[in-house]
Amino acid sequence: MTQVNTLIDQVVFAWQELQKKSPLIQCITNQVASNYAANVLLACGASPAMIDNPYEAESFTRIVGALSINLGTPSSEQMQAMKISAATAHQESIPWVLDPVGYSPVLKWRSDMVDTLLTFMPSVIRGNASEISTLAGEQSLSKGVDSTLNSEDVYKHAKVLLKSSQCVAISGPSDFILSQESDQVIEIKGGSILQPRITATGCSLGALIAAYCAVAPINTATIAAHVHFAIAGKLAYEKAPTLGQFNVAFMDELFTLNAEKIKQHIDIQIH
Amino acid sequence: MTQVNTLIDQVVFAWQELQKKSPLIQCITNQVASNYAANVLLACGASPAMIDNPYEAESFTRIVGALSINLGTPSSEQMQAMKISAATAHQESIPWVLDPVGYSPVLKWRSDMVDTLLTFMPSVIRGNASEISTLAGEQSLSKGVDSTLNSEDVYKHAKVLLKSSQCVAISGPSDFILSQESDQVIEIKGGSILQPRITATGCSLGALIAAYCAVAPINTATIAAHVHFAIAGKLAYEKAPTLGQFNVAFMDELFTLNAEKIKQHIDIQIH
Amino acid sequence: MTQVNTLIDQVVFAWQELQKKSPLIQCITNQVASNYAANVLLACGASPAMIDNPYEAESFTRIVGALSINLGTPSSEQMQAMKISAATAHQESIPWVLDPVGYSPVLKWRSDMVDTLLTFMPSVIRGNASEISTLAGEQSLSKGVDSTLNSEDVYKHAKVLLKSSQCVAISGPSDFILSQESDQVIEIKGGSILQPRITATGCSLGALIAAYCAVAPINTATIAAHVHFAIAGKLAYEKAPTLGQFNVAFMDELFTLNAEKIKQHIDIQIH
């Protein structure tokens, strides 16, 4: 059995576990993404809870299957909650995902918080090429929160982030996933050119990675979440190539994914 | 004329009043639900306003037809607004609905606020079986904000809440509505298995109950809102059994409900 | 060449510039609108960023193409951010749009902030007839945030607002646009009776005006944004006359607008 086939079996198994266990996932996310991310989690089989206040953060994080933290549009109270929940997850060995939206010199408040959050060792860091590149110490001219860099050029420099995290995922036309486990880089193709034209798809992918982390090993979980998104995006675009219809079809495809579709449409390479 | 037929006529009349009067409804709700709840109210005939700051809460609540308070993802400022608006509604005899999302020992901050809000005598308390059960003093092992209990098992214990509220509504595969008016329990069937897979449907139902309360007696209003949702969910699922399409069809059906559809599809029982 | 034909050419050119340049647009907006407004901007060709905290407001506003400020559901931190970002935009000559949602005596906190923001000379003030009328000093009995006045009756009194702004836009069944440049009033027809039944369409129009302001003269930009919305709304309604389907089709039409469609469907008059 080839290594790719083993990966495919692991992805299928992770998907099945997600359906069976429907883990409770805490998302501290931005106001743009909160509804969409919750719907993505529900469509994919998880049970979302967007608890983001500092007064309930510790007691709630203790009971969740995994945590997703996203810095899109933070408030002061959310910032406090992020720190408490990340610390709790780290202490209790609950997997957690960090999405450093907008990490850049021009957005210093959140970028300082990201630096603090890194000390709590996120299981996975995920972002677009601009964010990951800047986080990895590269100079970047990010245009706001959307990426202007190529994911392929970035992943070679992103290995330094594996000091802070088990897994690093860079999304783009191809997604690249780096892991502490090996020197191999996993590339996942699929998706659609329309996905970047819908807000919060990246943020929702971060939440979905957390959901898979609650039921599968970190590395497998990160791959499985990207595969789930890539196949749904590809199949949705085949049905509906305009933005409004695509978004509806994308939710349909996230919801109706199954083992057969995974095996048929997965497009994964090992570098 | 049977008692059920009388109820059906009252529901039809409440729906007509909602279309005619399009009452202004204040919602202090969570960031996940705010857009969806506003769209549900507009689709159903009401006029939403999500004013949720403490500095305008008192003057604004005085002019609304009804108020809906939902504790999904509170901020400190929203919490202050909730207390002010609930007190104002109570004082001015403006109907108001309390949705104690996540009420449980693990979410103490909001649960304490719910206890405070109960002193302002909500017209209606609505929630899923886990929340209502915990609120009624039962032990519960709620998994986050989604219900793991059966609504049918819970309603018998929920009568204690009628000390704080004219009406108690428990949503689930069947919805159960208890009222101070009589010992009868109203059961409403319909809806779809996909509704719990779309976030904020419950929260939006709370807002819709408030909308009906602005134009009809509390008990009738609570029944009418549940019937509106149950029929729309049922008809939407017949047209579109996948998640993305269902959500679109559900909004269509909320919007196109009419007296005939109510009479044809209502499924109501008196226990 | 007639004056209307010149306007049409300018609108087409503005649309082309928006596609080509995809400017970064900062939106400080309400929780109801944030997801929808971001999706509208992405569908129309711009690059949205909903940065709304006071700690990053100054450094971020310096790098954006335009700014949109909307007072739908403000928090204290957003209010601080609004003041900082508006002051920065004014100082740096970055175009910015003010949408005074709910401006009325009953919502004093935001109305006071609107008065403050006017001192930073918004490029465009846009609102519905009730809001613009009250802002222009008329007495109004606004029902919450939705307009109960006729846009046609209001525009004659709105000229006083041109002391604070280059352009004033009043939305309604017909949209009216006033400008410092001349005494002419531009009327734009189109859209659909369903647009007011979808929340945040007005708020999103404010964001879209900002997007066009980043690539075209203020007056042209304001007209172009209204035309973009009016044509998309009209074409969407022809395809899908129910609320859920309409909303999907509206996003499709915002996305697939092109020069030919503009020329064919634009309905503009000069008064």
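By letter and in written order, the chains are A, B and C; residue numbering begins at 1 in each of them.
Operating definition for what follows: contacts are C-beta pairs under 8 Å (C-beta built on N, C-alpha and C of every residue); 3 or more make two chains touch, one makes a residue touch a chain.
Everything numeric here is computed off the predicted structure, so don't read it as measured data.
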Same or different residue numbers at the chain A/chain C copy interface, by half rule
different
Turning angle required so that chain B lies on chain C, C-alpha fit (0 to 180°, nearest 5)
120
Approximate Å spacing (C-alpha centroids) for the pair chain A, chain C
33
Touching two or more other chains - residue numbers and ranges from chain A
31, 35, 75, 247-248
Of all residues in chain B, which touch chain A in the complex?
30-33, 35-36, 72-76, 102, 106-110, 143-146, 196-200, 242-245, 247-248
Can you name the residues of chain B that touch chain C in the complex?
24, 31, 34-35, 38-39, 42-43, 47-53, 55-56, 59-60, 62-64, 75, 77, 247-252, 254-256
